[in-house]
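Below you'll find a set of structures to go through.
Consider the two complexes below, in which chain A is the common component and chain B and chain C are the respective partners.
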Partner chain A sequence: MNWVEFTLDAAKAVFVVAVLSLGIGGLLTWADRRQGAMIQDRIGPNRAVLWLPKRLAQALALGPALLVAAGMVAVALVSRSLAGEARTERAFVFGHLAVLLVWLTGLSVSRVVAARGVRSSFDAFVAWIGDSRRFFFAGLVAHGLVALPGMTLRGTAVGHHLREFAFGGAPFVFALVAVFGAVYAALAMERADKVGLRIAGLLHPAADGLKTLFKEDFVPPNADRFLHGLAPIVTFFPALVLLAVVPFGDTLCFAPNAAGVLDWASLLEPLASVPAGGTCEVGVRLQVVDLNIGLLYVFALSGTGIVGAALAGWSSDNKYSLLGGLRAASQMVSYEVTLGLTVVGALMIYGTPRFGEMVAWQATHAWGIFTQPLAAILFFTAAIAESKRIPFDLPEGESEIVAGYFTEYSGMKFTMFFFSEYVAVATIGVLMTTVFFGGWHVPFLDRDGFRVAIGESVVAQQALSHVVVVLLGVVAFLGKVILLCMLQLTIRWTLPRLRYDHLMRLGWRLLLPASLVNILLTGLVLLAVEGAGEQILAALAVLVDLSMAALAVGALGAGVALVSYWLRPVRRTRMPRTSAVRLAERLGGTRTARMGA
Partner chain B sequence: MEPADRTIDESELGLPSEPMLLNVGPSHPAMHGTVRLVVELSGERILRADVQVGYLHRGFEKMCERGTWSQCFPYVDRCNYVSPMLNNVGFALACEKLLGVEVPERCQWYRMVLGELARIADHLTCTAAMAMELGAFTPYLWMVRARDMIWDVFEEECGARLTHSFGRVGGMAHPPTSTFKEHTASVIAHVLRLLDEVSRLLLNNRIFLDRLQNVGRISAEDAISLGWTGPALRGCGVPYDVRKAHPYLRYGEVDFDVPVGTAGDCFDRYVVRLEEVRQSARIIEQALARLPDDGPISIDDPRVMLPPKSEVYATIEATIQHFKIVMEGLKLPTGEVYSYTEGGNGELGFYLVSDGSGTPYRVRIRPPSFLITAGLERLITGEMMADVVPCFGSLNMIGGECDR
Partner chain C sequence: MEEKNERRTEAKGGAAGLGPRKVVGTPVRRPERTIAVESYVPEVARGVGITLAHFLRNTKEYVSGQRPDPVLESVGEGINTLSYPEQRRPYPERFRGLHRLTRRADGSPRCVACLCCSTACPAQCIYIEPGEYPVGDGRRGYERFPKRFVIDEVRCVFCGLCVEACPCDAIRMDTGLHAPPYDSRDQFLFEKELLMSFPGRDGSYQTENPRHEPGDPTHPGIDRKRHQ
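Presenting the complex of A and B:
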């Protein structure tokens, strides 16, 4: 290992901890708080605010915008000499970027104007356009108008003029709108003495963490001080290091130098493209360590989480803690068994405990959710039980045994328990993604670009550069993880808590036999596939492609559904205006009004 | 659902074991801060339970004996902090029974609507809290939102969201506001919609059903012998509802059903409450239709009712009348009376003794919660520790009226 590799490994470790553990953990904390706030119609995590002096806030608004605008102009000037197909592509990208920025800026301004009222003639113009959704729809139409000539007028004289128009004009429109938006924001700040930085409330988890650092660290007088202090560390540490073995992206290939090793210079030259199915000599795995025991490492570490909970329950000198610790220990041990047995089926199919190879298998064959559907459901259930969250939060069971095993914890020690639960949610998302949802794999995305094909017939094709393909993989991985975390969040907000004996019955009498049946079925199917003829194998290959197509269609449909859901106006029940509401209005605000800055 | 696994006898394990004595409450999330429970646990199973009430004793009955009859209203409000309007109406009815008067028709319908709104608020609170204590947080927020809308109606009618003190002997403090009918109707429609959503979410949920069904069972005989009334008794299959059995106000003229359970378990008590909300909505709909838009809201008797403020400031007769009623209290005739209504949790009785002075000689409140809580020990003995939550929740023990 040389210095380059060491630095890269450290950077990857920081990335994993920051994004997968702390980032998603913080995001989940925020989402939990926001969920409660939305339902109760009260101010949510947005309260967390960092006050900036006016000038600094204006500089923060203007600086990046100016940089982006300058960068755009620079790119436009550099690519002036391009010709032919490359010039068309570039014009296409410029046009879409300009349209995107225009409607995004319009939408943001429109929302601001709607919230704080008309202040200038420009505000009046935006208000005249009306509902901010109109900007989105206009943006969609504009995107279509930009895309249409590229598909129909290619090669004609009109098309040529349009291309030159987009090529020359779009970057400058982009730059102008970026600067305009920033100036508008800066002017809007002019009236205030200070400007609050809220980032949609994402500062709240940070503030929470900071707050608990300064809270009293209470230890019960008769507690075992050493074990009481050790327990949160034993719980927190595995949660953090668990994710080291999970690949969050494809291998990033670099041009090999003379020695055939990675050095600082080669980092600047990633390969332009890698052939489909090709490997590279000099590459960086997007994974902190590639342990040959992979999955077993995860189980070994997550098993130590039990020790933390049991220790906390025992050392606190509290009967509620003891009950919670016992519940935690028995629950986690029971579901560990199911957890281990469900992945046996996956191991049989992938033939490896290494996560990287699992993802590679799924990329070339089918995602685990199609080959191991039963195991995926069982694994998800057992994993949620491992994370000790509703409906499996018996160890805390706040209405039964106060707070369970961490009843006697306060301050940062409490936060460590609390946060390792959120990290466990992220871990479940990561494991599910890697083992059952194809890891960083995007359907129909090969190493050289998109290639939509069912069986032998190719439907569509689009070449992409190597860096873009790898980046798409990373984004897809994070997206899948966040989606699975949100699913867990929804479960947590929907289901009630199980009772102790029901939990044990579910674990031992339902999940465990089902996971054994899954192993049996997997074995039978594997034997059948091994003995199958050519035709059946070909049919299976088509099925695999169809599964990918189903995923792609499903993802697109879900995206459209989500956007249309967001765009739907909120339906509010109309109630007569009571005298309390009228009074509030007279005093300059209503009960639904926001709290002033 | 099959019963919990209780076949293992600890002595077979060959380990020395003794039950763990656990003190639950009064500062415990499930105990609502008002009850103490001392349980003997064998693992998770409750061998013995000792329910101790009285932590919220504030001496309301005694305090009632030192003011005028009208000054009792704030106390009966604070007896039940989830459906105070029912207590208001109940106490006013008791006084009127002693006085031998009947309030005007408009007031009767008005009291019924307000009372049923309070009942809905009560049942929403109970069912919501129960779901939340079982870990289902969203239904709680849904139902509390609905309850908040009902409180908006109360706020508009009497200015207070919780402790209304709105009842008066011989009427109500104010006639309905002009938007009352419209407001109530739209609130009820919304509440029913939210209730349907919550019912769909919970009543089809296996975990929720498992937590409630066959948990905390009690037979109808036991419930009656304990003196249970209200939804808890009706959950056992006894269709006793004061509104049906001994109609007061105009309950005899409206059309509604009394839902009853079959098993007498937590689930039956839960479902009975949900259904009662719908029946209350039916009553409100009919009462709103028959509530006259004008007419007197209080009886026309200068010995009982305060004169209008404008007259108090303008005429000597009204000033004297106001002075006498406020300073001496209205004089209820000598005698005693027991008046009972259907409160949020069952039969809410007021046993009043008057010695003819302006001050009550004795105000005895028969709270449904006190008798119902007496059955908690029977419900949870032999169950799991976790079952304390739904059992106690489904009784909807109101500390204020239980301990008074």
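Presenting the complex of A and C:
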């Protein structure tokens, strides 16, 4: 290992801890607080605010935008000499980026104008366009228009001109709009003397963390001080290191130097393109370590979580803590069995416990959710039980045993238990994504670009450079993880707690046999597929492509529906004008509270 | 009829303790549980869908600032409830809130310590300690001033009789405030200084009624200097 690899590994470890653990943990804390606020009809987490002086806020708006604009122009100038397929691909990316920025800026400006009223002639123009959803739909159409010539006009003179137009114009449109948006935002701040940074309440989890750092750390008089202090560490540590073996993106390939190893210079020139089935000689795995026991490492470490909970219960000198610790231990041991057995089917299909190879198999064949649907549901259920969260939160059942094994914990020690639960949620999301939802794989995205094909017939094709493909993979991975974490949170908000005997019965008498049956079925299907003829295999491949197509269309449709729902204004009729309403009208209404404003 | 009798005897037999007690009454028909309900998974999905829809809508209206005004526009779609500490329904104009003592132009209380309000008060929650102006003060001999003016806001029944009784427009209940949630009773004993520190709902500490000081040409009563 040389210094380059060491630095890269450290950077990857920091990324995993910062984004996958702390980032998603913070996001989930925010969502839980938002949900609590929803039930009580409060505004929720928006109290944490960073007041910035006006000039600093304006600089923060302008600086990055200027940097991005300059970077875009620089990239455009550097890639001026590209030719052929690479030039087409670059024009495609530039065009999409420009369109994305234009409609995003238009949308934001339109929302701002709708909220605070028209102040300038430009505002009047935006207000004249009207509903902010129009920007979004126009942007979608424009994206389609950018994508279309690449498929249909390839090789024609018109296509050539369009490509040159996008190649030359799009970066400058991008830069101009970026600068314009930043200037507009800076001018909008001109009237205030200070600007509050709230990010829709996302600063609140950070404030919570800071707050608990300074809270009293209470230890019961007769508690075992050493074990009492050790338990949160034992719980928190595995949660943090567990994600080290999970790949969050495809291998990033670099041009090999003379010695065939990675050095600082080669980091600057990633390969322009990697063939669809190709591998690279010098690559950086987007994974902290590639252990050959991958999945087993995860199970081994998550098993130590039991020790933490049991220790906390034992050392607290409190009957509720002890009961909670016992419950936690027995529950986690029970569900660990199911958890291990459900992935046996997946292991049989993938033939490896390495996460990277699992994802590679899913990318070339089919996602695990299609090959192992039963196992996916069983795994999800068992994993929620393993993380001791509602509906399986018997170890901390408030109605029975106060707060269970962490009753006697306060301050940062409590936060460590609390946060390791959120990290456990993130871990479940990551494992589900990697084992059952194709990891960083995006449907129809090969290593050399998009290739939408059903069976042998290609519908659409667009080459993309290597870095873009890898970036798309990382974004897709994070998106899948966040979606699965949100699903877990929603389950937690929806279901009531199980009774203890029901919990044990579910684990031993339902999930365990079902996972054994799943192994049997998987074996039968594997044998059947091995003995199947060419035609059946081809039909299966078409089926996989169709399912992927359905998935892609569904995801795109859901995304569009979500955004347009988010932008839809709320329409209300007026209320009868009582004296209180007249008074409220004179005072400017009661709607003073706005999150993030 | 026969069936009823039979049931009664059954119940008696049970009460007598002979054998296990029999249950009386027609059996309740349980709702049929389909496989979907039994397997729990589709029902979980349905519940999750409902929760998620509520969460999305609520978060959308808060975060994106689309929340309609629950007082001005409250029929139709959107969240209809006030979230209290952040949003408040303004009280009606004639709402009787915490008392305030109005001030003269020079900032002293208008109150002349005539004790009309404490006399009128049915709850006897007003305590006034009158004081004489010092010798040489222009007001000495015409009116007194409250050395102490205390209102027990817990004892007050907010009837407004003190405001009615006041001949000087010195006490008002137009602050639009209600008693804050203190944690002990003595904190509700509002002294003169505190009562004078509340503005009315229009933000002013005075009233529109003009005040005629002794010595002013507009003074309506007997001016001893002029009538000597």
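Definition applied: the second predicted complex is superposed on the first by the 436 of 597 C-alpha atoms of A that agree within 3 Å, B and C clash if a C-alpha of one lies under 4 Å from a C-alpha of the other, contacts with A are read in each partner's own complex, and residues count from 1 in each chain.
Keep in mind that, in the parts below, a contact is a pair of C-beta atoms (placed from the backbone, for glycine too) under 8 Å apart; a residue touches a chain by one contact, two chains touch by 3 or more.
This structure is a prediction, so every number in the text was calculated from the model and none was measured.
Once chain A of one complex is fitted onto chain A of the other, the partner contacts of A:L374 are absent, as it touches neither chain B nor chain C. Of the two partner chains, chain B is the only one that A:L323 touches; chain C does not reach it. By the touch criterion defined above, A:L487 reaches chain C but does not reach chain B. Look at A:L495: by the touch rule set out above, it reaches both chain B and chain C. Looking at the shared chain after the overlay, A:L540 reaches neither chain B nor chain C. Looking at the superposition, the partner that touches the larger set of chain A residues, chain B or chain C, turns out to be C.
When the two structures are aligned on the shared chain, A:V183 is found in touch with neither chain B nor chain C. Once chain A of one complex is fitted onto chain A of the other, the partner contacts of A:M575 extend to both chain B and chain C. Legend: residue contacts after superposition of the two complexes on their common chain; A:L394 is shown touching chain B, with no touch to chain C. The contact surfaces that chain B and chain C form on chain A in the two complexes overlap at residues 40-41, 493-495, 573-575, 579-580.
Of all residues in chain A, those touching chain B in their complex are 36, 39-41, 319-320, 323, 390-391, 393-394, 397-402, 493-502, 504-505, 573-576, 578-580.
For chain B in complex with chain A, the touching residues are 4-5, 20, 22, 28-30, 44, 131-138, 141-142, 144-145, 149, 152, 155-156, 179, 182-183, 186-187, 190, 201-202, 205, 207-208, 210-211, 384-389.
By the touch rule above, chain C contacts chain A in their complex via residues 41, 44, 47-48, 50-52, 54-56, 58-79, 81-83, 85-93. Only residues 34-35, 38, 40-44, 111, 115, 200-201, 377, 486-487, 490-491, 493-495, 562, 565-567, 569-575, 579-581, 583-585, 587, 589-597 of chain A touch chain C when the two sit together in their complex.
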